[in-house]
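A, B, C and D are the chain letters, set down in written order, and residue numbers restart from 1 in every chain.
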Amino acid sequence: MKQHHIAMLGCGRIGQMHLNLILENFSNVNVVAIVDNYLAKEPHYKNIPTYPVTQLEDVLSQSRLDAVFIAANSTAHVDLIKAAIKYKKHIFCEKPISFDVTSLEHLDKELKQSNIKLQVGLNRRWDPDFCQIKRDVDAGKIGNIHIVKITNRDPKRASIKFAKRSGGMFLDFNIHDFDTARFITGSEVEQIYAAGAVLVDPELKRINDIDTSIITMKMTSGVLVVIDASRETGYGYDQRLEVFGEKGNLQVDNIGRTVTQFMGGNKTETAPPHYSFIERYKQAYINQFAAFLHYLATDDVITPDISDARKAVEIAIAAEKSLADNQPVIV
Amino acid sequence: MKQHHIAMLGCGRIGQMHLNLILENFSNVNVVAIVDNYLAKEPHYKNIPTYPVTQLEDVLSQSRLDAVFIAANSTAHVDLIKAAIKYKKHIFCEKPISFDVTSLEHLDKELKQSNIKLQVGLNRRWDPDFCQIKRDVDAGKIGNIHIVKITNRDPKRASIKFAKRSGGMFLDFNIHDFDTARFITGSEVEQIYAAGAVLVDPELKRINDIDTSIITMKMTSGVLVVIDASRETGYGYDQRLEVFGEKGNLQVDNIGRTVTQFMGGNKTETAPPHYSFIERYKQAYINQFAAFLHYLATDDVITPDISDARKAVEIAIAAEKSLADNQPVIV
Amino acid sequence: MKQHHIAMLGCGRIGQMHLNLILENFSNVNVVAIVDNYLAKEPHYKNIPTYPVTQLEDVLSQSRLDAVFIAANSTAHVDLIKAAIKYKKHIFCEKPISFDVTSLEHLDKELKQSNIKLQVGLNRRWDPDFCQIKRDVDAGKIGNIHIVKITNRDPKRASIKFAKRSGGMFLDFNIHDFDTARFITGSEVEQIYAAGAVLVDPELKRINDIDTSIITMKMTSGVLVVIDASRETGYGYDQRLEVFGEKGNLQVDNIGRTVTQFMGGNKTETAPPHYSFIERYKQAYINQFAAFLHYLATDDVITPDISDARKAVEIAIAAEKSLADNQPVIV
Amino acid sequence: MKQHHIAMLGCGRIGQMHLNLILENFSNVNVVAIVDNYLAKEPHYKNIPTYPVTQLEDVLSQSRLDAVFIAANSTAHVDLIKAAIKYKKHIFCEKPISFDVTSLEHLDKELKQSNIKLQVGLNRRWDPDFCQIKRDVDAGKIGNIHIVKITNRDPKRASIKFAKRSGGMFLDFNIHDFDTARFITGSEVEQIYAAGAVLVDPELKRINDIDTSIITMKMTSGVLVVIDASRETGYGYDQRLEVFGEKGNLQVDNIGRTVTQFMGGNKTETAPPHYSFIERYKQAYINQFAAFLHYLATDDVITPDISDARKAVEIAIAAEKSLADNQPVIV
């Protein structure tokens, strides 16, 4: 089986999660380099040669290198992609690539011209449960879709410091839900109305952000989509999907931490949902990287690609405008 | 135990359901008369003296009569209430009393002046599951409420003929959800945005009605409420409630027709939800009438009363305006 | 619709439960008399003429009387049945009729000779969930049955005083499970092995009774049946049934007191099972009496009849022998 | 972190499952050799040097080798263990080690004398759900245990050829359940009664084996344990555990293949249980090997060890005697 040679560009909390999953699950992948200023100072993480960002081009110039996995600070993503393109390396890039639609359009052109492949880390498309729903929908199990409901709630709010540079709730957090809506319905967002509130952390008001939202979208297919989101549940990572159509209703429920049950006293207890994206979407992360290896080896059309990333950003920006103006916005 | 003497004013499909539940469950209630043109033609239904509407005043003038149960055509509700007030009879009236806010205000005044009690049939307030959630919320089990989600989906769409005179989806169908939002949050609707679509029955377009909706409301307390509704599921009466707050999430799930399960072939099967309001809210109908008897016997404040009916109608009318203008509307 | 005239013979805790259900649900039944020494001393219960046992024959001699509902002390059941036969009244009798197989055989003969109908209160046969499983089994949904599992656990142990005269755990409590095994499999018990223990209430040792048991039965059809039972759960009335066959597995789960759910802190909470037989088998009690009225009106074969009662007792007695000898016993 | 050097002795279907999990999950383990006649003929599996059994001693004599993982044909386990002891290598051995109690006792002695560690692959002890129940039990969540119920059902029966040399249903299949009973209750089996039947595959009669069983055990602690088992469900690997005690009931339910749900037509569908031990106990296999590495690095008492293996075999043999004599057997 062909061995792939990959470099990790950026290897913080998320990057290390991806790296561990790659090393555990893909014996045909050699991670030949990590580019990360912090890890470069340490003894080599996972015995992998590690370099500061100043040596990025030395890494990219390695001829055996097939592709890069970008999981750096979002702000660095565009430059890292451009550098990878320059050295003709294929790219897996974590979301968000950029919040600037124009630069995403330029990148899209550059990629096409240079025949460089890019897959973006909109992971829901690779979750086994979301995929089952997609298959059922495509198989006509519920006929035409009427309503899509997405619940996306984080276990614990991020720091204000992170929130500040995150792009805000829609661009950083609901971006996944906007992609899920397009993925499940196979159609585009026509109009969006976003209601938001600060109910978890008053501090967010100061930076003009929110922590609670109900977002309604009309798709070109006529389907109505609603997203309810919160930055903090306290009980875990609440991730649910519901697709209602003319012949029935499909749901993805939360995954419990165990399948144990206790009946006693005056109640029945079961386990709470998984705590975070790391447990909940582990298989999705593995499957999306398996797909990336498949895309490297074939000419299959990549999904989700940079245009999917761009469309999700366009929807998020429309949501921000809707929230600011308290009006529905045409996308 | 005091015997109550009640007359049924209007006794069609809904009226007969109520009458049967009263006869089964309330041995201290004598139903002394039914006023219904159709039933008056038949041999006496349930052996109860039955009169055409022309003899309404003869019935109301019976001194032993304590109260009337109004379940006639919605269009007749206001006149029947006025007649009952004239004869000093207390009133239980099915929803909707009227879609005209002004006449509801006048009725409210008349009732106060004449010391006549009126309870309206917004039945969710008496459902044991909804009440459990309300108790948990009031007990602070989830702290401050952030999001309320209501799913209200009918098993089978009504005829166009019915839809025409029903007042439309918001006034006829979602009226319950508007009341539920006020009941659960204990606060009022400040703003509403309604997205609607005709996805079930194209005929509804001709009468300017819809069959699918997502309604977002901001409450004065800051809580966000979202309602998703459909006129037809095919699988049963889909009735769910979710209340998310700072300390957790409360849910009312559907009630299955049985608690049986089948594991076999490539799936696990359980029973579908109850088919209709008759099975799903049976206990709610019983409990709301028990409350009515309690209100007759005490000076306790009636809930839901005519002002609750009026507020639900005001919200529904605002929803219609929002849908027509595709704008959020202040209530 | 034909009016039936019924007398309640014995009207204690269980009798009153039945009487209330009859009055609520069967408008075509007139309960014309109660025979009960305690109630006879009170003002008439439910406005029904009530007599001491000394006036039993006066009641039975009423010509309008169609049938009697026997819910007296078990020890009185046989004599009451004989009295009813003498006066040619049909009989519904609560379990247990008698623990004496011979007298049950004699009663069976007398009933046949006198053409008096008798239905016994083995209520599981009328529970909607158990019936659904029976229908699925008969429809071949799981093919041939291999294993039947019955869980029967009481919420709170009875007093030693009651336990003493109850006939013991097998005759008083598991008697239902023995009937369920015959009902579901449609075959007879060939061999039984009973393991028992006193783990709840040491007092039971003194009266040579138990509170915890695992009973294994081989049916003539080859099916294996296992019953696990306890006199006290603390969390409610744990009633489950499982039927495993060549094509799948059927289950009846517990019925929760509500369908509410709470996710919060470190767990998910749902409602406990119904507390007692009164809530759990309410519909079964209603349905079995509806069946009795049907049997009164038709020549349909009665089930469960006195031979079903006798067979359940024979199994219980075999279980006692097995427990005493610590050996499997052929029934 | 210390690197461990391991050799796989036997690497068929089960061995390869273990090897893959080790390579995926334990970066501190070097599998330096595979001893397997079939794989030795192939190009090196997983790039690991592979030898025929004739070269076993060459492999064992490698000084860097810390331990061996034995997953050969059961019949070879004892000799492989002895060889490992001779070369002072620690041992992880899949179940069954042997069906001969005496040889297990001798091995136990040899291991103690030679200070060689051996852990046996009774994997339920490492399943996260079973462990959660064990922790809850030990924490007193349900007080004293009264009843333990174990459901163990295979998705598809093995071939008669396999069944023949498997040791029979009790020694090959229920062996896990016997260990689970000891693990959960922390006490020993005092008496066992096994009921068995051939309901799946008549062929099994010819080789004097069964495919369906109900096994009742009395533990020294007084707890009653019941196991229901089948060789074929058709719907997946049905693995459930229930522990009932004075303060409540603990359960491990099946793990569904997905968390998706479909409501439609006249039913609600969810996913079936995992298909086989490979999916169901994946984490248990990983955790038990992590424990083995821990035991290699510490002086902690190994569990489950060879005496646990021996006790499970003793129970299985008692079960066989009970089935043959149709009598309870003292263990």
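The working rule: contacts are C-beta pairs under 8 Å (C-beta built on N, C-alpha and C of every residue); 3 or more make two chains touch, one makes a residue touch a chain.
The chain lineup, named per UniProt: A, B, C, D = Inositol 2-dehydrogenase.
What you see is a predicted model, and the numbers here were worked out from it, not measured in a lab.
The chains touching chain A as well as chain B are C, D. Ranked by how far their CA centres sit from the centre of chain A, the chains are topped by C. Centres computed as Cα averages put chain B at a distance of 58 Å from chain D. Averaged C-alpha coordinates put the centre of chain B at 39 Å from the centre of chain C. Averaging C-alpha coordinates per chain places the centre of chain C 42 Å away from that of chain D.
Multi-chain contact residues, meaning those touching two or more other chains, occur in chain D at positions 233-235, 238, 247-249, 263-265. Across the complex, chain D meets chain A through its residues 23-25, 27, 46, 128-129, 132-133, 136, 141-142, 247-255, 258-265.
Within the complex formed with chain D, the residues of chain C that make contact are 144, 146-147, 149, 153, 193, 195, 197, 199-200, 212-214, 216, 218, 222-226, 228, 230, 232-235, 238, 244, 246-249, 326-328. Those residues of chain B that touch chain D in the complex are listed here as 233-236, 238, 256, 263-273.
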